Structure formats: C-alpha cells, structure tokens
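Here the chain labels run A, B, C and D in written order, and each chain numbers its own residues starting at 1.
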Amino acid sequence: MQKPKLALYWSASCGGCEIAVLDVNEKILDVAAAVDIVFWPVALDTKYKNIQAMPDKSIDFCFFNGAIRNSENEKMAKLLRQKSKILIAFGSCACDGCVVGLANLWNKESIFKRVYIETPSTINPASIFPQNKVKVNDKELELPVFYDTVKPLSHVVDVDYFISGCPPPVACIANAFEIILNNKLPPKGSSFLPNKSVCDECPREKKDRKISNIKRIYEIEDDKITCFWDQGVVCMGPATRAGCGAQCLKVNVPCTGCGGPGPQSSDQGAAMLNAVASVAADPKVLSQAADPVGTFYKYSLANSILRRKIKE
Amino acid sequence: MTETKEFNVPFSKEVASRYGGETVMLCYQCGTCASSCPVAKTTEKFNPREIFRLVLLGERQEVFQSNAIWLCSSCYNCQERCPQMVELVDVFFALRNIAAKEGHLPKIYSEFAFALMNDGRIVPVSKFIERKREQIGLPPLKTIGTEALRKILAVTGFDKLLLKKEVES
Amino acid sequence: MENLKIGVFLSDCGKVLTKILDFDNIISFLKEIPDVTVVERGTEFWKGSGLQTIVKTIKEQKANRIIVAESLPKLSEIKIVEAAEAAGLNQNFVQVIDLKNHCAWPHRNVPKEATEKAKAMLLASVERAKILEPIHKLEFPALKSVLVIGGGISGIQAAEDLADLGFEVHLIEKAPFLGGIAARAGRFFPTDDCAACIQSPTSDVKTITHTSRKCIYRSGIAAISGLKIHTNSQVIKVEGQPGNYRITLEKKPRYVNETKCISCNLCSEVCPIEVPDEYNANLMNRKAIYAIVPNIYPPTYVIDEQSCKFHECEKCVQVCPTKAVELDQKPEISTINVGAIIVATGFKEYDPSVIKEYHYGEYHDVITNLELARMLDAFGPTGGRIIRPSDGKPARRIVFVQCVGSRDKRWNDYCSSICCMISLKHAIMIKTVFPEIDVSICYIDIRTTGREHEEYYEKARELGVKFIKGRPTEISHDPESNVLIVDVEDSLLRRFLELETDLVILATAMVPSEDTQTLAEILKIDIDKDGFFKEYNAKLRPTETKMRGIFLCGGATFPKDAPSSSLQAHSAALKAVKFLNTGKIVKDQRTAVVNEEYCGDCEFCPVSCPYNAIELVKIDEKHVVAKVSDLLCEGCGICIGTCPLNAIDLRHFKQSELLSQTKAILSINGQDKPLILAFCCSECGGASVDSAGMTMSNYPTNVRIVKVPCTGYLRIEHFLTAIKNGAQGVMVVGCMSDGCHHEEGIKMVEKRIDAAKTLLKEYGIEPERVELFNTIFVEGDKFAEAACAMTGRLEKLGPLRFSKEV
Amino acid sequence: MTSYSLFLGCTIPARLPNYEVSARKALSRLDIDLVDLEGMTCCAPPPVQSLDLETSLAIAAYNICLSEEADLDMITLCSGCFESLTVANETLKQNEPLKAKVNGILAEAGKEFKGSIEVKHYLQVLSEEVGKEKIKANIARKMGNLRVASFSGCHLLRPSKILKFDDTEHPHAYDELIEALGAKSIWYRNKQKCCGGLLRGYADDIALAIAREKIINASKAGADCIVTICPFCYLTLDLGQVLMKSTYQEEHNLPILHYSELLSLALGVDVKELALEFHKIKIDSILNKIG
C-alpha cells in the first residue's frame, strides 16, 4: 500500500506548533516511517509551484497552523484545501486566531502606523509603509496584502478537523497521528482534543464559588489546592477545551485559555464572563479585570461572535 | 392662627446632598437625641429633634434665622444613641456650613476663622505666655505652617467666605 | 422522522385587527413557507368552533406543529394546549403568539409596518416549530406523611390539621415541652385569655366538647391518631427529594421515661439541687429534675444535664413509684420518611443587653416583656405579683420602653409588629389587678393594626396608663434609693422627664429563633435579610418556599400574633395536603438537561441554581458531571446562562430555538428605525408587553419581542448574536430586581448585562445598546416608553456598521 | 522608647503651660518620646468645621501629612485635636473619592495624604501601650485616699464608630488609669455628660450652666477634685468656677486637675516644676492630701 501523503504548513503564527510536532519525540519516527511528507516549508524546500503542480486531493492530510493575516495566508489555505483530502486546523492560531487575532482590536492602518512610525526604535522620517507592489531594479516584487482582520482558518476554507492549543498538547498530537494512521477518523468537524473543559483535568478543589473581587495571581497567596476562581483569580479553565492535562494549573499557573472555546461554545470570552457574572457577589466585579479582551479572549477573539472591534 | 403653607421639601434634600448632611432624611422624630442633649436640657433655645423636624418640613428660614444651629456642643451623645444612625453632629455642621456660605455667621466664629488665616491657630499665644513657657522650661514653639494653610484656604474658597462676611459686616 | 406539517391559525379577533393587519398579505406569505401546510383565519381559536378547527387539523390533516395567533395570553394558551394534547399532539408542539397585543394594537397607526412585523413574528414561530421536541409528563412518588418542625402555636395547629386529614404527622420540638413562645407569654391579646389554650383535640376525641377545643392542658393532643410528637428533638439531616424525604432526628435524653412518668412530683421534691429557672426569667429556682409549669405536654418530667449529679445522687430514682427515671438514657438517632416538611420554628426575644444605654443584664430591675409575662402568670414564679427582682419588693411604678432593638438600624431595622400589643396587654393586666401601680409607656409610634387592637389601646388609656411619646436615651440607676431613672423627652410637650421607677420593661425586638440559619442550610431554603425564613412570594405564597415540599408558617417568617400564626398554620397544612394528596407528584419535564459528554465539572451551575436542583455526580473513575433533578428543576434556565461550556439546555426552550427565532424575527424589517430585539421573560417582562398592547400604548415596529422563560436564561452570546444578526440594540425586559419569579434570574442577567457592556466597549460598540428594563404587568405604558426611549437612543447613536471583512 | 510626633494644637500652648509641662514630664518618665515637628497648624476643630467641613478635613490632613513625612504616629494632649485629626485620618483612609478630593486641595500646599500613620490620644497610649502595670511600678507618691471625679469629656470617646477607644457607654480605661495611681475614682451623676465647653464664647451662659451642674454633681458625690484630660473641659470647669462666683454667687472651690498633673505627682515630679500657679481654683488641698 502506498504511504499516506502528509503536508504541514505554517501561516501567521509564531512557529511554536511546528516545534510541538517534534515534541512528540520518538513517535515522530513512527510517523515519518508511516507517511510520506510532501510539503513542510520549515524542513523541506518546496516551492508554491510544486504544490500547484500536485493533482487535487493528492495530499492525504494537511496540518495547517497559523491564522489568516494576509493574502498569501489565504491563498495557501485555499491551495492546500484544494490539494488535500483532509485539512486540519492545527494550533490555536489556525483554530481560533490566537494572539495574532488580538490585532483585531485595530485595523491595518493603525497597525502600520504603530509598527512603521510610532514604535520608539523606528526611524522612518519618510513614512514609508510596505506596498503590495515594489519596483526593485526594474523588477516588480509583490508582497502579500495585509488584511484589516485576522481570521481563523475555518473562516476562509472548509476545515475537517481541529487541534487547538498554543501549542497543541503533545499527547493530543500523538493521539491524532495514531487516529489518522489507523484510519479511525471521527465525524467531520470534530476536534482531536477532548470534549470537556480544563476543569475536568484540573486537580484543584472547587469550593464556594462566591466571587467578591477579581485579583491577579501576584495579589494572592496561592494555597496550591483551591480552585483559582475561589481565590478570586481569573482562570479560563472552565471555558477552555481540555486536552492539556491542566499542565499550567499543575504548576500553579491559572489557565489562560489556549485550548479555545468548549465544543458547544461560540464565544469563549462571553462564555466565561457569563459564569463569573452569575456567581459574582457584586455586578461590578468584572470591571476589575485589567484587560477584558486580553484576559478572556487571549486566544479566540478572531473566532468570537463579533470577531473584531467594530468602530475605532 | 393656622396658616396654610407649602413645605419647602427641597431644603431637606439640599442638606442631605451636602457632605455631613447625608443622613438627615432618616430621622423619625423619636426624641432620643433631645433626651441625650445636655444643651437642650439647659436651654429652651435648642432642641435637636425640633431642628430636624424643621429641616424635614423645609422651614429653611426658621432654621437659619434662629441661632439654634450654633448651640450644638458636638458632644456626640445623640449621635451615639440615634436608632436611625443619623449623624446629627455632622448634620449640624452641614447646616452651619450652609449658613456660613450665606453669611449668617456668629461673630466668635469669624474671629476664629480670622485667627486661623492670620496666625494658623485659632487661639493666639501671648507674649506673657511665651515668657512663662521659657521660665518653666518648656521648649520654644515651632513655627506654624501659616503659608501652607493659606494656600489650602485659598483653594477651598474658605478665605472668600470670610471676605464676603467682612464686606457685609 | 415524520414530515413537518405546520398549521398556522390566525385570529382576527372578530375582524377588529383587519383594519391594521393585512391578513391576505400575511396568509399568502405563510403559504409560501415550506412545511406550512395549513393556514386558517378565524374569529377566535381558543374555544368553540375555532378550537374545533385546530383539533380537526391535528386529527384529519395530521398537522404536527401548531402555531396560533390569539389574544388573551395565558388563558387561550392553556385552552389550546389542552385541546391539542387531547387530540394527540405533544404540548410542546403548540405555540400561541399574540399578534393583537404584541403587534396590532401598539402599532395601529402604522398598518403596513405592523403587517411586516406580524410576518416576522410568524416566521420566527415557524422556524422555532421546525426544531421543537416533545416534552413528557413525569411522575414521582409522594408519601402521605409530613414533618412539622416546631411545637409552638403554629406547628401544633398545622400538625393537627394534617392528622385530622389522615396524614401521618411527626411534630418535633427542640425543647422538652410543647408550647413555644406563646405558652411562655401567658396570655393573648386582645382577649386576655390564656396562652396555654393553644390547641384543640381532634374531632375524633368524642369526650371533649367543641367549647373546650382550645385548651392544651385539657386537649387530647396526645390522643390524636397519626400524630407522633418528638420533644427534646432536632432535625440533623434531610436527604431525598420532595415527596420522599428521609429525615434524621436526634432525640436528646430526657432521663425520664415518657410512658412511665405519672407527674407525681415526688422526684422534684427529693431532688437536692436547685438552680435558677431560666424559663421563669430566673425569678425562682427549680430542681434538676423538673417540669416547667403544671399545664404541659408531655406530662413527663425532665432532668437538666447541666446540674444533675446523676449516679452520685439517685434520690429521684429511689423515690419514683413507677421506676420512670432512667439515668442511663443516651441520645437517640432515628430516621423517618416524609413527603413534605412544615417549618414552624417561630421567633424569640432579642437579647437587649447589647443596647448598653439600657443596662439590661446589669440592672436587675430592667427586664423584658417576656420576663414580665412570667411574673404575670399565675403559674409563674411570683404567682402573679409584680416585684422588683433586685430586692423582691412590690413594684409601684413601671415604665415600658418600646422599640428596644427594633426599628433601630444599629440592631434590627424592622418593626417587630407585636411588641406594642404585648406591652398594652401587660399594662392592662397590671392596671386591672393592681390599679394603684403607676404604668407609663414610652413609645415612638403605637402600632395597633389588628382587629380590636385599637380598642385595646383605648382600654389601656381608660385604665390610666400614661403614654409618653419619646424614646428614652438612657436608663440609669441610683444605687442609694435603688430606683431606676428613665431619661426621656416628652416630645409632644417638648419637656424633659427623668422618670423614677421601680421596674423598667423593655419591649424588645422579636428575632429569628436560634438555629434558623442551620436549619435553612439543612433544608436548603433561603433566609431573608433579617434572618427569618424567606417565603416564596410574600404576597401570594406566604407559606411556601422556593423548594417544592417545604412549607412555612407562623413566626418563622416574621414576628406575628396568634391569629396570623394560626391562619398560616392552616394554610401550610393545606399546601402540604395539596402537594401530597394524590400520592404522586405529576410534573411536565420542562426542565434543564446537562449534556454529560460536554460537562467539564467546573461547578458553577449548582451555585447559580436557585432551586438547588443541580448536583454533581461521579459518572466514572475520572469524571464528575452536573445533573439536574427533574423534580426540583423549575425550568428557568439560569444554569443555561451560567454554563461556560454551553453544555446545558432547556428541554422546552432550547438555545437553538432562541437562535432561530432571533434570526427570523430580525430577517423581515419593513420599516426604517433601528431594529431592536427585546428579550422578555415569561413573567413580569412579557406581561408588561401584553399590557402595553392592552392599554394601546404606542411604540414603533422596530421593537421585536422574543420571550424566554426567565431573563436569567440569557447569555452574553445571545446579545452578541442579536447584534450580529442585525439588531441595533438589545432590550432585556424582566421582573423588578427584587421580584424575579425565579428568585435570582433578573439579578443574574443584570450582572451578565454589566459584563456584556464591558465587552461591547472593547468591541467599539456603545454599551448603551444593551439595556435592562424592570417592569411589572401594570406598567405596559412603561414598556412602551422604554421601547420608544431605546429607539430614540439608537437613532442618536447612528447605525452599527460591521466591517465588510467580517 | 516609643517616639510620637506631638500635636500640641492651639489652646494648650496658649493657655495651659501647666498641662503641657506635666504631660511632657510624665510621658518622658514613662519612656514616651515626644517629637516637635515644624509647620503644624490648628487641627481644624468644630469651630472650623462649622464654617466648612471639607476645608477642615484638608487642614487636619495637612497636619497628618507632616507626621507621615516624619514617619511617626501622632500623639495629642487635647481631646478636640484627637477627635478632629482622627475623624479626618480614618474618614480619608476609608473614603477614596474624598481622599482624592482632599489630596487635590493639599497639592497646593505640596502635600499628599497617604493614610500611613495613626493618631492617638495620650491617654490611649497610656492605657494601651504603656499599661497600668508600668505606671504602678513607677509610682513614687501615695495618693492618700484621694477621691477623684474622673471626667473623660466627649471627644476622647465619641464618635465611637470612628475613634474606637474604650466603650463609650461603659468607659473604664480612664478610671483604671486613675486607680492605677492609687486614687479612688468615684461615681457621680451624669458623669459622661458634656461640660458645655464648646459653647464658651458663643453662649457662655449655657456653657456655664452645664458646667455648674457637673461641678455640683461631683461635689455632691464627695469628690476632692475633678480630673480632666481635655483642655476645654479643664478651662470650662476651672475658670468656670470663677465665673460661677459672679453669675450665681456660688463658691464651689472644687479643684480641677489634668490627668497628666496627677500622673506627674504620682510619678514623683517636683511640685515646683509643674507650674501649678496656673490653676484658677487652687489645688493646695489636693497637694496636702497626697503629701
């Protein structure tokens, strides 16, 4: 039998997901032995045209990490969709927009202004901004178009499966490979992470749930046993998909929500706020959260109901 | 003769909206304050319950025309025992503050205020006492922060309060 | 699944609506919708031939979803659902909407717009109809037995009612004897009859006539069959659910066998130990083995553990002719099964020693009304004489001080309501027997609101009781003359009095009985801000709690007099009967359900549920999930609004139904004002929308109504989705903030709206686009005003523009 | 040795050198170090509060700021100062908006109220910090059955919600400190009632009438003297008796002492060092009694 063809692509993201693939350790060898990696820009030198040349649906599995930030990202997403039988949104950026998606609080204009003019280390007296087309030595170079809005992969193409996380939990990656290699695929649209929340995996004890004020982690003396919410500290665990084994909590750091919203949820931040508001003693307590979007939508603003800031 | 009159309700609200006057509306006229009051028991000119009644009924003129509001000795006996936790002494201060702003100020109070502005103290130290202090081995008095005080009085408009009074008198 | 066949029935209310709504237009619109198989128009559809048309459509044309546009909210809905069910259609497949009050009347000036809105409303119902699922009826067993907690006036009465009706009743009393505070008070106002006369025998006890029904001493309370009395006992655990509770009781040892004791008093006579008798205000001593007063139930002596020397002495054991004294009794734990619980724990006198200026506890001649009552009781420590406890001399001057610790923000805010009458009773009793005693009552206001109470006040004046309008500031004591001085202003004369007196009676506040808090925790019911048990609804359900199967009566909810306590006892008994009488509890499964696959065990929902209907259940080695009790759940959906994983849904109102209605009702516009989605609760909020129509209050057609069971159902996502689907603003219309029909729902949504506003700001959306409105039924005009104001506000803000990229 | 910044106020330095000298001597013998800071002003007592409450808060806060800068808790000899400064200190500590407002005013004078120190009355320091035992251990002079009518006045205890010293309905700390010296603290009628002192200057007749009742009640109870801890009570009762002579043609001759004077005497301070000539009602009878 022919080995399945695997592609991995890195779009708008930090690259951590690529490292996470390697973090499956020796299992990667099994994978490498079992599949034929046809496209992996970070490791193999492959050109656009090589991909374009492939017949449609000739890639069996494509792991796509990174959000859609510019036209190149979108073009590659569409191309890989065309060439792949199964497209997997890999990592928080591809699934939910992740930290990249927080740029949706601004637009292209304001981001460029900040990056190319206002940052203290920038010297740009002529106010030169990146252009789509630039002439260099009589040749025209083309740069991708920078979008106003960051999108998760599923907003531009049809996605078959999801593996969220920043980066995805190693155990879940390994599990995904196992499922793929054994051809035991779940229904389309599923996640390779469990359908529970981080609380399900968290060893901390939940107590009275009467939240009277919201503190930052440095403001409390963590007893290392009690649920952070019961100690008044924001923890995104309740509204975050499980799979990580609550690894942050196990080292006494509250969950920041990288697993993305739960399976039934359309809006991770709102979902968490509902719960906290419901048990908060004082309605004003949530205004104590220093940075609501950064706190509750750190990984999922681009995949929330409203997706971006409406008016500047 | 019985007179028909309209009660000036906004007066009690005016008092309640001032710093110190917030609790005035809670009064239910039980008389605990009056029976706690050493002044009321000494003179008919003053009865805290009655002044509160006048305030609640909006008898603004009557409250300010008599000198009653200046007769509270701020002993806090009433305030300690008021079952409605009305802060009577503070309400009296609030009433006096309104009166002062409108120029109804007893002489002794303007004297205190002038002394405060000029010397930074409300009781001046005489030469005699200064000598006496030295004789009995008391340390010389430190300088008074009159300058700083004047700046404070200027921001709050306290000094103007007195100027106004000066012009009027 | 069978094919959808949706039948739509439009009532034009006797053609009244035809001037406003273009019915032809609406009907042709409906007929275009796939799955709508029947559209009928008529005069009325909730009775007569109209209702028959619906039944026929179900039976003959096999319509499996019914939408009826009919006025008369609630009434028409009940009738139509009943008929549809009888015709074989599940209740949940019937929707009744009110085109008259929600559309035609308030929009009668803009018929074209109103027609478009009516279409939007109908489309929303059709879309919802497509995804409805059946709701089933559930049955739970109900034991015909009741636990009554508290053996005072109301507990005894409730117990007797229930026993008379053939229920098994367990009456438990913490003290060694029945009677409660009323028996200790000696006599009742305004009739001055004895307070021990608080209970009747049942009609089964033939030897006792109707006229003597009142006397506990002569009553046959112990003879009532089916009534089991547990004195010296307390509830320590309650398990199970309404209809079938398992109660654990602890009975403290009495050390005297109830079946053997013959109340001969020999034991008490030989007992060498004397201690102050706290029941009698410490005005006399009692023995370590004693009975409080002769007229008691049970007629069995009791040993006070604190003072008895037990086996060191044994004098009582030796003397007892029936060998009833059992010094080795141990606490007994027992369990009983009951279907319902009545809480009748009453109230107690506040300890006024915290009011230091009155020196209670320090000056012996400053006593409380209840202590005075003991003195006035012929069975009491002084045999009815009024003395100064400090030296035992007769008191010739007595001053009552009213409102001690009540109407006092430092201690208890509220008026205890009965203290004026108690003081009047005591003043009258004293003046009647000892006219020479000088009695004054210092008061702030005398409150005599009951039947014949004002006459009682008059009687006191006639007897020469002096009333001084003024609250004393202080009670002082002159050690030389041993008199008390009450310092008070006679505020009517504006005169200061220093009343010299022998005895001061403090009319102290009445406060919740001890252990109220603990019992509330055991029973999982609420207490109010003053610490009393909280009734489900003070106006209409004063003897119910939010928990089905637990009822309240008497002073447990607030200090009250004997007539009110009696009435409540009968009411609570009736409620318990109503609940258990058929031996089963029938309930629609209109409840929340947790999707166990998704539940992440965050444990937020059990805290938010006002009915304690959610418990955590271990389903396997690793996973704990929330589980909703179909019996306890009242279907409000507050848990739906809480769940951070969105893993809970309501069977009778799924979130998908809300979503499809939201989309549909915003999809047809037909006017040019900014669209508003108004989420209304099914109680006050929805009722105010009904009454806006009934009163023909105008508001524009841009306001679109979607009803939810309770505003506590709503999530921030619902607001955001409405905005995303074209709403320029969101109104949430619910009950008054302290009047939510589901206790906490409105407060929950208030907090969620606050959170939503915080978010909206971050999204660059004006927070005032989402707003909460609290209304009640009679405030239809207020709803219309709010709708207009919200429209005006949104017009000022200008349209919300989403980026094309989104 | 504990150090406090001494808030002297207006009346004591101007009118009562005998109070100041006895307090300084007694406290130093009990290892309380008093630091005199530059720049203190009036505390803004009721006469100033009557004109404008918010200005008064700012003035009190200004003085507290000086003590904050020196990082010292403040001690007062005057109950009036104690009350106005503590009310300002505690109110501003708890009321953020008000604190911001007052700091806006203080900025003009280059100060910022932080809320970092406590204000204490010297009697509170004696009762809570020095303690009866230490005082007893240092006693050098017997009190010879001296019957003392103690008078704590109003502003040491009230408003109790803010001052939080002792129990205002059953105060005992002060009497215990008197008894610690070996004197007998006696009961007299209306012991806790005000002396009327704050009405002096505005309604002297009323003030005098109230003071007179106090003198009569104490005399009736057989007091050798009244011992006060507030300069206003002292003036009202001591100087007041001179006025009673002319107004009521009464001679009470009831000596009025400051507690610090009695304390100094008990601790063995030389009588000549105490400037006792400032007493209007001579206290020779007391000195004779205690030898």
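In this text, contacts are C-beta pairs under 8 Å (C-beta built on N, C-alpha and C of every residue); 3 or more make two chains touch, one makes a residue touch a chain.
The structure displayed is predicted, hence computed values, not measured ones.
**Student:** Once the contact rule is applied, which chains count as partners of both chain A and chain D?
**Tutor:** In this structure, the chains that contact chain D and also chain A are C.
**Student:** Between chain pairs C-D and B-D, which one is joined by a greater number of C-beta pairs in contact?
**Tutor:** Most contacts of the two pairs: B-D.
**Student:** By Cα centroids, which chain is closest to the centre of the whole protein?
**Tutor:** The most central chain here turns out to be C.
**Student:** When the centre of a chain is set as the mean of its C-alpha atoms, what distance in Å lies between chain C and chain D?
**Tutor:** The answer is 54 Å.
**Student:** Between chain A and chain B, what's the gap in Å when you average each chain's C-alpha atoms?
**Tutor:** Computed value for the inter-centroid distance: 66 Å.
**Student:** Can you check how far apart chain B and chain D are, centre to centre, with Cα atoms defining each centre and the answer in Å?
**Tutor:** The mean C-alpha positions of chain B and chain D differ by 21 Å.
**Student:** Whole-Å distance, chain B centre to chain C centre, using C-alpha means?
**Tutor:** Those two chain centres are 48 Å apart.
**Student:** Quick one: which residues in chain D touch 2 or more of the other chains?
**Tutor:** Chain D, residues with two or more chain partners: 169.
**Student:** Could you list which residues of chain A touch at least two other chains?
**Tutor:** In chain A, nothing touches at least two other chains.
**Student:** Would you give the residues of chain B that are in contact with at least 2 other chains, written as numbers and ranges?
**Tutor:** 77
**Student:** All pairs of touching chains?
**Tutor:** A-C, B-C, B-D, C-D
**Student:** Would you pull the chain C residues touching chain A in the complex into a rising list?
**Tutor:** Those in contact with chain A are residues 595, 597-604, 607-608, 622-623, 638, 641-647, 715-717, 720-721, 723-724, 748, 750-752, 754-756, 758-759, 762-765, 800-803, 805-806.
**Student:** In the complex formed with chain D, which residues of chain C make contact?
**Tutor:** Interface residues on chain C, with respect to chain D: 356-357, 476, 479.
**Student:** Of all residues in chain D, which touch chain B in the complex?
**Tutor:** Residues in contact with chain B: 8, 10-11, 13-15, 17, 20-21, 24, 36-42, 45-55, 58-59, 62, 66, 98, 104-106, 108-111, 154-155, 158-160, 168-169, 192-194, 196-199, 201-203, 206-207, 209-210, 213, 273, 275.
**Student:** Using the touch rule from the top, collect the residues of chain B that touch chain D in their complex.
**Tutor:** Where chain B meets chain D, its residues are 19-20, 38-39, 42-43, 45, 70-71, 73-77, 79-80, 87, 89-90, 93-94, 96-97, 100, 105-106, 108-109, 112-113, 116, 120-126, 129, 132-133, 136-139, 141-146, 148-149, 151-156, 158, 161.
**Student:** Sort out for me which residues of chain B touch chain C in the complex.
**Tutor:** So the residues of chain B in touch with chain C come to 26, 28-36, 40-41, 47, 49-50, 77-78, 81, 83-85.
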